[in-house]
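Which chain is which? They are A, B and C, in the order written, and residues in each are numbered from 1.
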Amino acid sequence: MIRLLWLIPTLPFASALILALIGPRLSKRVAAALGAGSIGFSAAITILVAVGFMTSPPPGNSYTQLLWTWISVDGFRPQIGLYLDPLSLVMLLVVTFVGFLIHVYSAEFMIEDDDYSRFFAYMNLFVASMLVLLLGNNLVLLYLGWEGVGLCSYLLIGFWYRDPANGRAARKAFILTRVGDTAMSIGLFLLFTQLGTLGIQDLMQRASAQWPSGSTYAVAAAFLLLGGAVGKSAQLPLQVWLPDAMAGPTPVSALLHAATMVTAGVYLIARTHVLFSLAPSAQLAAAVVGACTLLLAGFSALVQHDIKRILAYSTVSQIGYMFLALGVGAWQAAMFHFVTHAFFKALLFLGSGVIINALDDEHSIFRMGGLRKELPVTFWTFLIAGCSLAGLPFVTGGFFSKDLIIWNAWSAQYGHPAFWIVGIIGALLTSLYTFRMIFRVFFGPLDIPVTKRPGYRMTIPLVVLAFFSIVGGFLREPLLGFLHSALPSTIEAHTGGLTEIRSGAIAGVIFLIGLYLAYLFHLKKRNWADALVSGPVGRSLHQWWFADWGFDWIYDKVFVQPFVWASEINKSDFIDAFYSGVAWLVRWFYQGLSHTETGRVRWYAAGMAAGSVLFLAVVLFK
Amino acid sequence: MFSLGLTGLLVRRNLVFVLMSLEVMLNAAGLAFVVAGARWHQADGQVMFLFILAMAAAEVAVALALVLEIYHRFKSLDIDELSEMRG
Amino acid sequence: MELAFYIAGGVAVLSTILMVTRPHVVHALLYLIVSLLGVAVVFYLLGASFVAALEVIVYAGAIMVLFIFVVMMLNLGAQAIEMEKRWLTLGIWVGPVVLACILIIEVLYMVRGSSTGLAPGGVEPKQVGIALFGPYLIGVELASMLLLAGLVGAYHLSYRKVEKREIQHDAHTHERRAAAGGDLVLAGADRPARTP
């Protein structure tokens, strides 16, 4: 069973190729069947592989399948090799399963679009790249997948390319992740030159053998890899691309920017956790980045109008939680949160897609209202996902995962009370903005009538994901146990008066406070919310948080405008002058020499005579 | 004599004069050959002169036919007028 | 012997100079013939009697006669002489003379230092004949082909001319042709003067 591992990335890739080449000639039905079907088969094979893996685990609890040697140059021999261990298996299951559901959803969501097959081609290519990223047994293959998902992100964000704003958003995403990618590639260079290999398992062994804890190389490499992860996962300071990436179709937002691509950074750090363990300062930096991001994004999410932007900032914030977990050494908690987050965030995005579609492309939550009765399935699934996100105690998966992280922020190896407080505040914010969204969208008077209702292809994925949002929480013990072989368990370093139960209780109370406040401001007495925003403090805070704490503005002033200015003054391109100068010189010679072509015989004879005189002179007097 | 012929070629504009100067140049070259052959006591010089002679004869025949053709076409024997192949 | 050589050479050079500078075509032609005869004398003095004879017969005899024929046919007239006089300004001579002088200097430089004095006797015509039939046989064959080509080419060019004459004469009446006495060249030569 495990031998079928190679099919998992290959099927989506083949499907992408077919759709790219002959897609426009296929009917929409066939294109959707191919697109969603390939992912479905991948998911099925993943389940088979998982069953095989769990029932009869291979030795060392990891399985490597080498396909062929990719490059063979003087000691640098990365292979196309697939590495399966519990960590990658968990991520595979989530990616293929959620991916399949989203593909089914988008079969109906994108039905009216002319570029139907192109959409599925890109989506399949994305899933294939993501799977390569997850399964790669060396960092070069991982980087290939990394770049592949970056490319597909660009293609999919700018899917409706005829609107230049979408193109700008796509470029922004690509450029910012590129900054991270550059840091990561420098990290890869460093690792290779120092340790001589890029195979992940070899690398980890050699690093722990050769580098003492805290050595400069380890720290440098870890920071560079962290840079890459920060870029891809939209953390501080490279988080500005994710809200703008909402310009793409909703299934894209659901798949890439909620469940899978943005978690690639989390995966990278988890994979190279040995390296990070050798570089405590890098790990601490990861935690700090995560903590700051989750706060920052939480505040920004609180003041957004566009439903997708709220969800985007929410994603940034939740990944901040994952980074925080990784940073304090709670590796398994981070993965657990990834699993639950994938379910409920994808569900939230898909639900928002239904809403936007139903209200004829309306995005602002302040213009929505009262959809509870009109879109019942959507309402209930959205509510379940929202509760999971905010952390409704005991019932939802999100509670268990987030609670674990918050507890570990206090108690784990690098935990600190400050992190715990940040986590708690983040939970409050999460609850606030989630229920703000829910109350504004589903409750209150019906402002815009519902024109389109979703079909079964869109509602079934919603229901399935809702189911898993609830059930996912109960997977905590089995999951953590399963991951035990791949990731080190979290050491409970210090408790200092707080137990896990108590922390969980506090988190639960926070949830309720958030719920009540949201109820108050956004359902009961909405005028209070307006009053708050229109007051002087409220207004400036609102504007500041709305503009993502001014990051876009800073980047524009510091990077974009000087660059644009420099390219303006270099418009005539002085280096180009060298080449055009050569052309000018040639032309000048041509004009001069064309005067000698007079057509007069005497001229030519004189030329010949002079020439022979010269030659003779040269020969005689040399 | 070769130089004189060359000078004549470069100076005169009348086509016939040009051809005559050409003949002078050929003759001078042949003279040089014969003298060289006599100097070294070899027959090759005179043989070469014979070939030059034959060639000059053929060339003159064709050239003069062309001169007639040019005159009747362009109505002038000015060599500078006949410069249609200019760049 | 030496004196005769210098005289003959001097005559050749002098008549060449004169040839180049004459405005009248026929004068120049005659000077050319003199020059060729001078060169023939030089050949004879060198002992190459066969070549001297050839020079007179072929060069001065046949080629120059051809020239004279064509010049007569062209019937250039007084205005041509006027044009020549106008063209031969002094300034025109400067450039070519300079070039020629440099060439002369170079050649003299090249032949300096070689020994003077010719051995008497020279090369016999018999020797030349043997050489022609021996090593240079292929050259002779090629030369004959060249002459054939020249012959055909000249014939072809002038034949065409007759054709065109016929076509161009379409517009003209028979009387005109009859008046010219059937001489096509004459009939064509006076064409520019009269418009049809």
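In this section, contacts are C-beta pairs under 8 Å (C-beta built on N, C-alpha and C of every residue); 3 or more make two chains touch, one makes a residue touch a chain.
Note that the coordinates shown come from a computational prediction; the quantities given were computed from them, not determined experimentally.
Novice: For this structure, which two chains share the highest number of contact pairs?
Specialist: Contact tally peaks for the chain pair B-C.
Novice: Which chain is most remote from chain A in terms of Cα centres?
Specialist: Max centre-to-centre separation from chain A belongs to C.
Novice: Nearest whole angstrom, what separates the Cα centre of chain A from the Cα centre of chain C?
Specialist: Those two chain centres are 93 Å apart.
Novice: For chain B versus chain C, what separation do you get between their C-alpha means, in angstrom?
Specialist: One centre to the other, that is 7 Å.
Novice: Chain A to chain B: how many Å between their CA centres?
Specialist: Chain centroid spacing, chain A to chain B, equals 87 Å.
Novice: Send over the residues of chain A in touch with two or more other chains.
Specialist: If we look for residues of chain A contacting two or more partner chains, we find 606, 609.
Novice: Going by the touch rule set out above, which residues of chain B reach two or more other chains?
Specialist: Only 6, 9-10, 13 qualify.
Novice: By residue number and range, which residues of chain C touch two or more other chains?
Specialist: In chain C, the residues touching two or more other chains are 95-96, 99-100, 103.
Novice: Under the definition above, what is the set of chain A residues touching chain B in their complex?
Specialist: Residues in contact with chain B: 594, 596-602, 605-606, 609.
Novice: Which residues of chain B touch chain C in their complex?
Specialist: That would be residues 1-14, 16-17, 19-21, 23-24, 27, 31, 34-35, 37-39, 41-47, 49-51, 53-62, 64-69, 71-72, 75, 77-78 of chain B.
Novice: In the complex formed with chain A, which residues of chain C make contact?
Specialist: 95-96, 99-100, 102-103, 106-107, 109-110
Novice: Tell me, which parts of chain B touch chain A in their complex?
Specialist: Chain B residues touching chain A: 6, 9-10, 13, 18, 79-80, 82-87.
Novice: Quick check on the complex: what are the chain A residues that touch chain C?
Specialist: It is residues 606, 609-610, 612-613, 616-617, 620 of chain A that touch chain C.
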